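Next up, some structures in structure tokens.
After this come two complexes, each holding subunit A, first together with subunit B and then together with subunit C.
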Partner chain A sequence: MEQAIPTLTNILVLSSMYILVALGFVLLFNVVGIINFAHGAIYMLGGYIGFAFSVVCGLNQWLALLLTVLVIASFGLFLERFCFRPFAGDFNRTVTICIAIIVILETGVNIIGGTKILTFPAFVEGILRIGHVSVSYERILTFAIGAILLGITIWFIKRTKWGQQMQAVSQDVEAAALQGINVNRISAFASALGCGLAAIAGCLMGAYMGLSPFMGDFILVKVLIVAILAGVGSIGGIFFAGLVLGVIDAVFPLFISGAASSAVAVAIVIVILLIRPQGFFGHEMEM
Partner chain B sequence: MSESLSIREGKKLAKPAVYAGLVIILSLLPLVIGSGYMLHILILTFIYVIAAVSLRTITISGQFPLAHAAFMGIGAYLSGMASKWLGWSPWLTIPLAGLITAGAGMLIGYPFARLRALYYAMVSLFFGIGVTQAIYAGGVWTGGYGGLIGIMPLLPPTVSKVPYYYLFLGLAIVSAIALYRFEFCRIGTTLKAVAQSYLVASSVGINEGWYRILAMGVGCFFVGLAGAAYAHYNLVISGTSFNFMATLWLVMYVLIGGIGHFAGPIIGTFILILIPEFFRDLKTYSPFIYAGTLIIVVYLMPQGLAGLPQMVRSRFTEHRKDKRTVHAA
Partner chain C sequence: MVPLAASCGELGIMEIKEIKREDNMKSMKSSSIISIIILVGWMVLVPIITANEALAKSEEKTLRIGALVAMTGFFSIRDIPDFNETKIAADLINEMGGININGQKYMIELVSEDYKSTMDGTAAAANRLVYDKKLKFIIGPTAYFATATGPVCDPNKVIRIPTWVANSPGEVDATTPYAFVGCNATLATASGMAEYLKRAYPKTKNVTYVMIDDGTIPYTVPVVKRLLGAKGISIVGKPIVYSNDTLDFSPIAAKINANKGTDAVFHVNCVGPQIGNIVKALRELGNKMPYAACMPTTLTEVVAIAGKEATKDVFVGAITASDPKMAPLAKEICKRTTAKYGSDYTLYLTGADGLWDLKQVMEKAQSLDPTVVKTTWESMDTIETIFGPGKVCGDETFGIKHHVVAHPLPIQILKDGKVVSGGWMPVYMP
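And now, the complex of A and B:
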């Protein structure tokens, strides 16, 4: 019982962060049509740029977060125009360009920031105590920001004109273009949105777990698992899949060592996918 | 008539002549190179050539596994653990590790054969991650995060790197010839048919699932062999050499060289391992050279480096055709 509340907060924080990053990944997959292996590196870059703004430049943390999102979103625009759009739909060349981006970002951050794990300053201090149970405000805040952002993004995709255009492009590019939708503008916007979400998650997770140049590899694996488990292209499915992965990642380390629990988690995911190859909410796809 | 025939025969001989020339140059290299470090890099290149070529052999069946470094790790750890804990000779454990890796590949290939395209790639990627985590979780048996140390060396510890160089050169050449023969024999042709359309292939009586599993088995045998030989050469192995990023490096070797050509992975491995070595003085900045190579190839050569001659040739012939139409007009 003592472990129940911390575990529950862990589940919520991890799930919301996985879902936040996976949402950007799925947007890029649906709208731009690429498997963005560099999404983890962009998330890492977001964390480091947030660190640079808030600690090195000494800005207010919330201002730093906002500036980070703007910087990474414009980086997303750049990536979409010069790295993703020329190779959309070509798996081999997309993988190659993504690896090049990963190498450049990780090496660059390694040279500038050093290999040591940096600690992002906490957004809020203090611990909430209710009876015997104590939860840090940091975790509550992380979860709250994640949940609010998810709500806004989903509202945006479902309800606004640009969001509906995005959905149209992800269903059929040519039909969308025939309806007068500017496909290039929509995919540039989706790329900026996806990268911006990754940057916010990078800052929040930087405050929660610390920054390292290779933190992106870890989250990339989680994002791939969430996106595939949900069914490729399903936006609603990533909530369920993210929650499942969050539960697995938060509960298993209580019983077995970290590496063993990751191995078991991956085994569970593989078994689920062998029983249901198209994921929870997906359909069969050609590459 | 006879002249054109001899040109054709000359063209037929050109490829083997190039290969033979390369082998002769490579086998004379240790006489020129004095430094042990450069020989070490070349030995690693030979090991990765085997891995990359065997990865390409699996991809001709139309499946793109993203777990190849994990299979290399299975071979390396099996052989290393057998020699360390059971005291078996490396000369016995290396082929044995290759066989067991092939078995593991086929065992994994059996359930995975029902997945296709992206789902296959992703699920095999998750399998690779699981293998790395299992290696870390192995405690004293696999050495955990610290890596497995105290593996028996293949040759007596006093010898220099030159015998190792010839050993691995020979292993790479034999593996490449075997995989080349496999690709252009009847089974290889069937695999290409399965890749083009599994529905058509199965409608003419090809058991496509079995052929895909077979391709997995053959590819995994050679990568297991390479991994096991690496373990007994390097004497220290750790999970980081076989993780998800290592698989992506192998994929890069194949794609940069050109996935459509047999020589592609060989060229890609040499280019991508040796180019950063030439810029070693830059130290931390050398990964940028690596990334630059990737970017140049992906923008300018869609077919990879091995597709370059064909690209140049088609550009010239197109040019000539244009001229001819102008004349005709």
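And now, the complex of A and C:
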């Protein structure tokens, strides 16, 4: 019982972290049709650029976060135009390009930023204590931002013209183009939005856990699991899938030691996919 | 009066000019003679000096020593600083005259290969050093990656000195006759940390044991349990183990917090971010227990993640650049490292220590034959490590005679908000 409330907060924070990063990944996948394996590296880059703005340039961390989102979103535009669009529909080349981006970004940051552990300055400090429960404001903020961004993204996709165009492109590119939708513009926008979301997650996690050039490698596996569990084409499903993975990752280490907990978590994902190959909310995809 | 005086003055000036001319002639002559002497001397001496220099240089040979370093991948966080320090140590050894074998000076040239933080990368890098580059001595790799180098190095009689070992089979044991450990590594560090824990917190009787799931648990835990037992400290409950891909350490902290009846946390085999994140999550839960992290990771990394307040009562087995009690060689390496990379640079010095130990053994053996060097190392009881006097030991624990070096352990603590030395602890490695 004593562990119940800390575990509950861990579930919420972990889930929101996964949801935040997975959102950008799924946007790219659904709209641009790219499985962006470099998404973890972009998330890492976001954290480092945020660090550069806030610590090296001495800007306020909220301003640094905003500038980071703009920079990484621009990087997303660049990636879509020069790395993804020329190879759209070619899985092998896209994977190769993503791996190249990972190596370039990780090695570049490792050389420029050094191997020293860096941290993005905390957005909020202090610990909330209510009775036996204690949660840092940082964790509450991470959860809150994750939840708010998810809400905004869903609203944006469902309620705005651009969002509806994104949905149309994700359902059928040719039909969307015939309807007069500028597919390239929508793809570029989705890429910028996806990378921007990754940048927010990178800064929040950089403040919470510290920055490392390889932090993206670990999150990428989680993001892939969330995206697959949520199901192809589902944005709202990410919330549920992120929560499931959050529960698995927060609860299993309490009962199963070490790497075995990760193995069991992945095994559960396999079982879920055996029962529902399309994920929780996705539709069957033709490859 | 005036004309007389004027004529006298004119005569005087003429005389003075004449005298000056004569003086100038004299001084020109003498300076010419001096110049000729210098020129002749220079012409005679310079060829002699340069010939001696050339002769001395021709006497120097280069000894290429391999270095297995994780330049990329998650382990580069640990390996790159250590390798940078090893390069500084190599320069220092070369400045001191290199390695002297039978009057022949050998200057060290480090040949690095990136093992990419993977086991297959390690095997491939070891193959390149042994088969392609034909090297006979290798520094590195770190910890369990060393198991991938044994099948390459031992059959080829290549001496390898891992920069850290955690006691899993194949790192350094009876099956690896050409593997040696130059630094304290996991077990000896744990013994020194237990000593500090007992001295700084005398009431400590029970600890929570935490470690990474790196495959060494069955081999490490029983030995650490014995080492702690020797200090009157018991491990309560099962070891709390976390996966290498753990993102959020809050569940681990919750588990530590729930392990009742303990006085401290004893964290073995870890890196800075793991320590920092566990400490941060633990302090959030209100747990303020002393925290012993048995690694040479700098406390600065822990402070960066957890903050100064949370890092109180956390200590690591790392060297501190400002430590006045540091051995001269370590001091010089630290001085050069911090001058080059910054004052808060992580100082592992494990690769540097391995290189320094190797130099001594080679000079004692007076041979570059790996088998002779191996036999000599095995015959030594003591060795002067860069951390101070070392003992060649570990026979019982590692199952191989005199392949492990144990030296005084530097402790790093946080005092008044500053990372400072907590002194040096003796270590025990049966």
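Quick note on the criterion: the second predicted complex is superposed on the first by the 286 of 287 C-alpha atoms of A that agree within 3 Å, B and C clash if a C-alpha of one lies under 4 Å from a C-alpha of the other, contacts with A are read in each partner's own complex, and residues count from 1 in each chain.
Here, a contact is a pair of C-beta atoms (placed from the backbone, for glycine too) under 8 Å apart; a residue touches a chain by one contact, two chains touch by 3 or more.
Everything quoted here is computed from the prediction, not taken from an experiment.
Visitor: Once subunit A from each complex is brought into register, does subunit C clash with subunit B or fit beside it?
Guide: clash
Visitor: Quick one: classify A:Val21 as touching subunit B (first), subunit C (second), both or neither.
Guide: In the superposition, A:Val21 contacts neither subunit B nor subunit C.
Visitor: Touch test for A:Ala190: subunit B only (first), subunit C only (second), both, or neither?
Guide: neither
Visitor: Examine A:Thr96 and indicate which partner it touches, taking first as subunit B and second as subunit C; both and neither are also allowed.
Guide: first
Visitor: Examine A:Ala250 and indicate which partner it touches, taking first as subunit B and second as subunit C; both and neither are also allowed.
Guide: A:Ala250 contacts subunit C only, not subunit B.
Visitor: Looking at the overlay, what does A:Ala199 touch: subunit B (first), subunit C (second), both, or neither?
Guide: Once the two structures are laid over each other on A, A:Ala199 reaches no partner at all.
Visitor: For A:Ser262 in the superposed arrangement: first (subunit B), second (subunit C), both or neither?
Guide: Both partners, subunit B and subunit C.
Visitor: Touching A:Leu274 in the superposition: subunit B (first), subunit C (second), both, neither?
Guide: It touches subunit B, and subunit C stays clear.
Visitor: Just subunit B (first), just subunit C (second), both, or neither: which does A:Gln3 touch?
Guide: After superposing on A, A:Gln3 lies in contact with subunit C but is clear of subunit B.
Visitor: State whether A:Ser136 touches subunit B only (first), subunit C only (second), both chains, or neither.
Guide: In the superposition, A:Ser136 touches subunit C alone.
Visitor: Common interface residues of subunit A with subunit B and subunit C?
Guide: Touching subunit B and subunit C on subunit A: residues 103, 106-107, 110, 217, 221, 257, 259-260, 262.
Visitor: Over in the complex, which subunit B residues touch subunit A? Could you list them?
Guide: So the residues of subunit B in touch with subunit A come to 64, 111-112, 114-119, 121-123, 125-127, 129-130, 133-134, 136-137, 144-145, 244-245, 248, 251-252, 255-256, 259, 284-285, 287-288, 290-291, 294-295, 297-299, 302.
Visitor: Spell out the part of subunit A that touches subunit B in their complex, as residue ranges.
Guide: Subunit A residues touching subunit B: 35, 37, 86-87, 90-93, 95-97, 99-101, 103-104, 106-107, 110-111, 217, 221, 224-225, 228, 232, 257, 259-260, 262-263, 266-267, 269-270, 273-274, 277-279, 284-287.
Visitor: Okay, in this complex, where on subunit A does subunit C touch?
Guide: 2-3, 6-7, 9-10, 13-14, 17, 103, 106-107, 110, 114-119, 127, 129, 134-136, 139, 209-210, 212-214, 217-219, 221-222, 249-251, 253-254, 257-262
Visitor: So in the complex, which bits of subunit C are touching subunit A?
Guide: 72-74, 76-78, 80-81, 212-213, 217, 238-248, 250-252, 254-255, 257-258, 272-273, 276-277, 284-286, 301, 304-305, 341-342, 344-346
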